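Listed below are the structures to be examined.
In what follows, chain A forms one complex with chain B and a second complex with chain C.
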Partner chain A sequence: MLKYVGKRLIQILILLVIYIAVIFFLLHAMPGGIKAMLTMNPNLTPQAREAILHAFGLDKSLWIQFLTYLKNVFTLNLGISFSFYPTPVWNIIAERLPRTILLFTTATLVSFFIGFSSGKSLAWKRGKASEYVATVIGVITYTVFTPLLIFVFIWFFGAYLGIMPINQFLNPDLWLKTNFTAQTIFLYLLLTISLVGAAMLAAFAVARKVSHKVKTRKIIFYTATAISSAFAVFWWAVSPYGIYGADILWHMVLPVLTVAVVSYAGTMLVMRDSMLETIKEDFITTARAKGLPDKVVRDKHAARTAMLPVITNFVLSMGFVVSGGVITESLFSWPGMGMTLLNATLGKDYPLASGALIFTGIFVLFAHLVVDIIYAFLDPRIRY
Partner chain B sequence: MATKEIEGALESPLTIKMKLAWRSFKENWKIFSESKIGVLGLWIVIIFAIAGFIVYPILAATVWKPTLSGMVSYDPVTGYDFTQMLNPAPPSLHHLLGTDPLGRDVLAQLLYSTPREFALGILAALITVFIGTIIGTVSAYYGGAVDTFFMRLADLVLLFPFIPFLIVLSGMIQIDLFRLALIIGLISGFGGITIVLRSQAMIVKVKPFIESAKVSGASNPYLIVNHIIPNVMPLSFLYMMFNVTGAIFSEAVLSFFGLLNIKMSWGLMIYTADTAGYIVGSNIGHYWWLWLPPGAAITLLCGAFYFIGRGLDEVVNPRLRRR
Partner chain C sequence: MSAVLEVKDLKMYYSTKQGMVKAADGISFTVNQGESMGLVGESGCGKTSVSMSIMRLLAENAKIVGGQILFKGQDIVKLKEEEMNKIRWAGIAMIFQAAMNSLNPVYRVGDQIIEAILAHEPDVTFEEARERVAELYKLVGLDPKRMDNYPHEYSGGMKQRAVIAMSLACNPDLIIADEPTTALDVIVQDMILKELSKIQKKLNMSMIYISHDIAVIAEVAEKIAIMYSGKIVELSDAVTIFKKPAHPYTVGLMSSFPSIHGEKKKLVTIPGEPPNLLNAPDHCRFAPRCPFATKECWEKTPPYEEIEPNHYVACFHPQNLRKQVSING
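After this line comes the complex of A and B, so read on.
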């Protein structure tokens, strides 16, 4: 297992270097790149021009420039943002990355869960009217122009019903008298989620070791999950941060809903196709012949087998979700990586834009790695 | 004499090919038309095509012709309406879908943009499919280092945050519609489509007729072009539909952010309304004609091509069929 993770890490490192090379090429070879921008002023004397090029290291050979850039990226030295001068790019990214991670991890999990369970029952209801309706709705939400969907949501929940916040990631009135930053809350939220996740994973592993009975395993798993979530909720309720955490979560509802609605159908359709193939297999007939209840055959025998292609698809959709994040974040004014990227590009803030692009890529690559490891857990045929 | 007569009675190879193609088209059409979703998509595309390619030129030449008094112009980019007091104006008899913040007719903009969206989507998809088919078949046929290289490249492209990349790129170079189609086509041509077409070509490659063609002395390029590519063509065609969706969507997103160097498009219509402050907060419900028609048009056209893709899926993948 460790060997496999190590191998994947090395592969990811290579991919990352290629990715950075592409971005470096973009920065330096494009007509509007960094060199053109620095020496754009026609009043510059040749000496001043030389001095600028020398000061930024642009007079060196391209190869050396690339190596320097690579070194800087890996030491998190991404330069100084133009639009937030003199804040280093890394500080801005470190501030915004947790927000994106929190939003998209939640949204991805929600959409995966909805897609998985709806795809499962769709295949089971093959040929009925409900299958047809659900497929059409799924395809429409899958291809909907995301800004349109967001406008409809904002109009309906924010303006018409007036029950949801329509922009920003927190309520400024509430935060006025605090002496800590939103950053702290985001980090605590992320910590809570990962701790609960780790507790669930540990409970799963322990349950597998302790008992062979499905029922006992289930009891252990669900009790551990309930206890750890109850403990998390209790901690938030008692701590002074509670209300602020709730505020952020409240502002997260609409963005998460948007991402989930847009991306659940991808999972659903793949799950449906994969289930349709699995249902034809002999072991499903056997399970039915044994007289097992329909639900057991569907959930235990068919869905588990059909799940693997869905996870592959999930990996592929990761890049799509992060790309879509630019739209979601900028329309809900959620100051994460996507919005930073867009604003930096519009403001010609090259260091920040390229830094944000690099870290978006790293985020996708690591999500890829995590899903790969989960895959190895789920598929007993994969052994390392 | 006798052979001449027989030869004369025989149909030429071209007519036979045409007849065969027609027959397989009829068969596939039968399967395709059974999937309601595909037919629905086809109808939507046809309606959009009629609206953009036929209705708009006619309207522009007749009803929307600039009058001598010059009070009202229906030009999608430079139009205005001096008889209107306030812009944006809600839908009325003169402007069926109202006017935008600059006094231009929304319906005219909508129809004017339609052929451009088609051109962009189809050009990008053609480039994608062209590259994907060639690379997919070549790497399946030759295998080895070529195969490994292109497959790793495809992995990289699949992980690529595509829209963020296009956004940063648009900050560096001026992207117009043609360039955008080129960029989208080039990038996605090396991506997922290569993997799919390669695995299809792997199946074709080991079939007996390839062996017999080899024995008859066919060269490698001849085999790829004449025997493998025709057999992966249906799948390429299917992926072309999905790529049209992707290209139109990307264009809409980029022009919605105002990053493209174009005069008019559906995304730009929403951008104009958004930057003028008509889609902020509670305004959103009052000025529905500014964002709903272009947004719905993007959704419908993207969806329609995707529907066609789903319908074709049943033709190409027999295992998905009902029977």
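After this line comes the complex of A and C, so read on.
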């Protein structure tokens, strides 16, 4: 296993270099180019032009520039943004990445759980009217033109009903008098979610160790989850950040709803198909013959085996979590990575665009590694 | 001897787009305490449908339309699903046709057996269940250390043994072994069957062996039922079936298998193929393939009668047939 991970890490490194090369040359192939941008001013003297080009290393060949950039990336220097001069790219990403991660992790988790459990039930109760209805609705929401859906949602919830904030990720009036930034709140929110998640994972592991009875395991797991969530809510309620955290979460509702509606059907259909395949297996008949209750056969035997392709789907969709839906973020004016990427590319902010893309790349490559490792845990037939 | 299982006039039909498929059409037999019965027939004659009806593990389009299945005097056709779950495995266990695939690939083999024990005996602790599995492993000739392995780490024969161990886990009154050794080579097949038979006698369990191979059944079953096209055509003790087969189909089955002892004979195949169970005809279903068929056979279904004590046959010409066999053979 360790040897496999080591091998994969080397692969990831090679892929990353290739990926950076693609990004670099692709961005430089855009019409215009940095040189023209910096020296467009007709008032510049030839000496000044030379000086500028020399200062940025633009007088060297593209290959040399690429190698310099590669060296900078691997020494964790992503440069300085053009459009937010003189803010380093790092700071911009550090500010925007948490926003996107919070929004899309929530949305992905929500859509995954809806898709997983509905796909499971649909396959189990095959041929009922609910199956046709859910499948048709799922396919419609999956194929619908996302901006249209977002506009409809914004109009319905924000304008017609008037119960939801329609843009931005916070209410500026509320934040006027604060002495901390939204970045802090985002980081605390993410920290809370990770801690609760870690507590749930630990409870799951402990429950497996302590008892062999499904009921006891469930009790341990749910109690631990309830306690850690209650603790988290309590901390937010008493801390001065509480109201601001709530403000951000409130602004998140509509984008999360949209992303979940658009993408739950993907998980649902994959889970349904995989489940239908598994149900035909002989070990399901064995499980039934053993006199196990229907739910145990469904969850412990069928769904557990059927979930493997769905997990792949899920982890791969995590790439989305970093790049963010460009469309979703733009339409909801959610200033995260997706919007940054869009604006940086349109504004020819080369360092920022490549920085954002490299981040997405690294995340996706590692997500693949995580899939492989999770697989080894979920499917005992796979060993590295 | 008390009857563990009594099947009375069982009718199980599949409804398909083309019509009703009568997979089990008036099946009756009794299995007594400690008795082993063999159910023999060609592929597609409804053997597995009978066993699935007894377990009540029917496909969605299948339905038991008539008859009774009495397990220790209780009609399980009418039971609710929860009540049936209590009988499954604890009362009637099963060794499945494809033992290779009847273990869940993502769980340890031992845990899958323990799961069955804990589901039926909630008072048993996990450790006690583990000990019982270790005992069962020894009984079927497996190393108890292999309990913590996954199915893919077992060989075919080991999986078969594990599946047998699993069927014994809750001390069932009856085990249905549906083609228990089909996927194995002849030597392993023989070994496992003999052990299975030994365990059955030792624990005084009842057993139903299902197979298309009458030679396999002959080794282990005291009583044999021959099935053809959703019906039992002949039922008697193993010796009678072999010495004095009364139904032409049974005779055909006998002569299509080689015998190691006895004289060398040319193997005779039964001409034609099993009938489609869809919209089965009203006349004797074997008539199209029967060398002895008369006008009568094409007009009505022969009754299922006791032609001599404990020898049931559904044929208009069983007596004729016996003369014929003695002349020829």
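Here is the rule we use: the second predicted complex is superposed on the first by the 313 of 384 C-alpha atoms of A that agree within 3 Å, B and C clash if a C-alpha of one lies under 4 Å from a C-alpha of the other, contacts with A are read in each partner's own complex, and residues count from 1 in each chain.
To be clear about the criterion, contacts are C-beta pairs under 8 Å (C-beta built on N, C-alpha and C of every residue); 3 or more make two chains touch, one makes a residue touch a chain.
Owing to the predicted nature of the structure, the values given are computational and were not obtained by experimental measurement.
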item: Combined model on chain A where chain B meets chain C, clash or fit; value: fit
item: Which of chain B and chain C A:Asp273 touches, first, second, both or neither; value: first
item: Chain B versus chain C as contact partner of A:Gly6, first or second or both or neither; value: neither
item: Contacts of A:Leu148 with chain B and chain C, given as first, second, both or neither; value: first
item: Partner chain in contact with A:Asp282 - chain B first, chain C second, else both or neither; value: second
item: Which of chain B and chain C A:Gly127 touches, first, second, both or neither; value: both
item: Chain B versus chain C as contact partner of A:Tyr160, first or second or both or neither; value: first
item: Which of chain B and chain C A:His212 touches, first, second, both or neither; value: second
item: Greater chain A contact set [chain C / chain B]; value: B
item: Touched partner set for A:Gly291, first chain B, second chain C, both or neither; value: second
item: Minimal inter-chain CA distance - chain C and chain B, angstrom; value: 9
item: Contacts on chain A seen with chain B and repeated with chain C across the two complexes; value: 127
item: Chain B contact footprint on chain A (complex, rising order); value: 15, 18-19, 23, 26-27, 30-33, 127, 132, 135-136, 139-140, 142-148, 151, 154-155, 158-160, 166-167, 273, 276-277, 316, 318-320, 322-324, 326-327, 330, 338, 341-342, 345-346, 348, 350, 353-354, 356-357, 360-361, 364-365, 368
item: Contact footprint of chain A on chain B as seen in their complex; value: 36-37, 155-156, 158-165, 167-174, 192, 245, 249, 252-253, 256-259, 270, 279, 281-282, 284-285, 291-292, 295-296, 298-299, 302-303, 306-307, 310, 319-320, 322
item: Interface residues, chain A side, partner chain C - complex; value: 126-127, 212-213, 281-283, 285-294, 296, 301, 304-305, 378-381
item: Complex interface listing, chain C residues touching chain A; value: 55, 57, 60, 81-82, 84-90, 93-94, 96-98, 101-106, 108, 114-116, 118-120, 126, 150, 152, 166
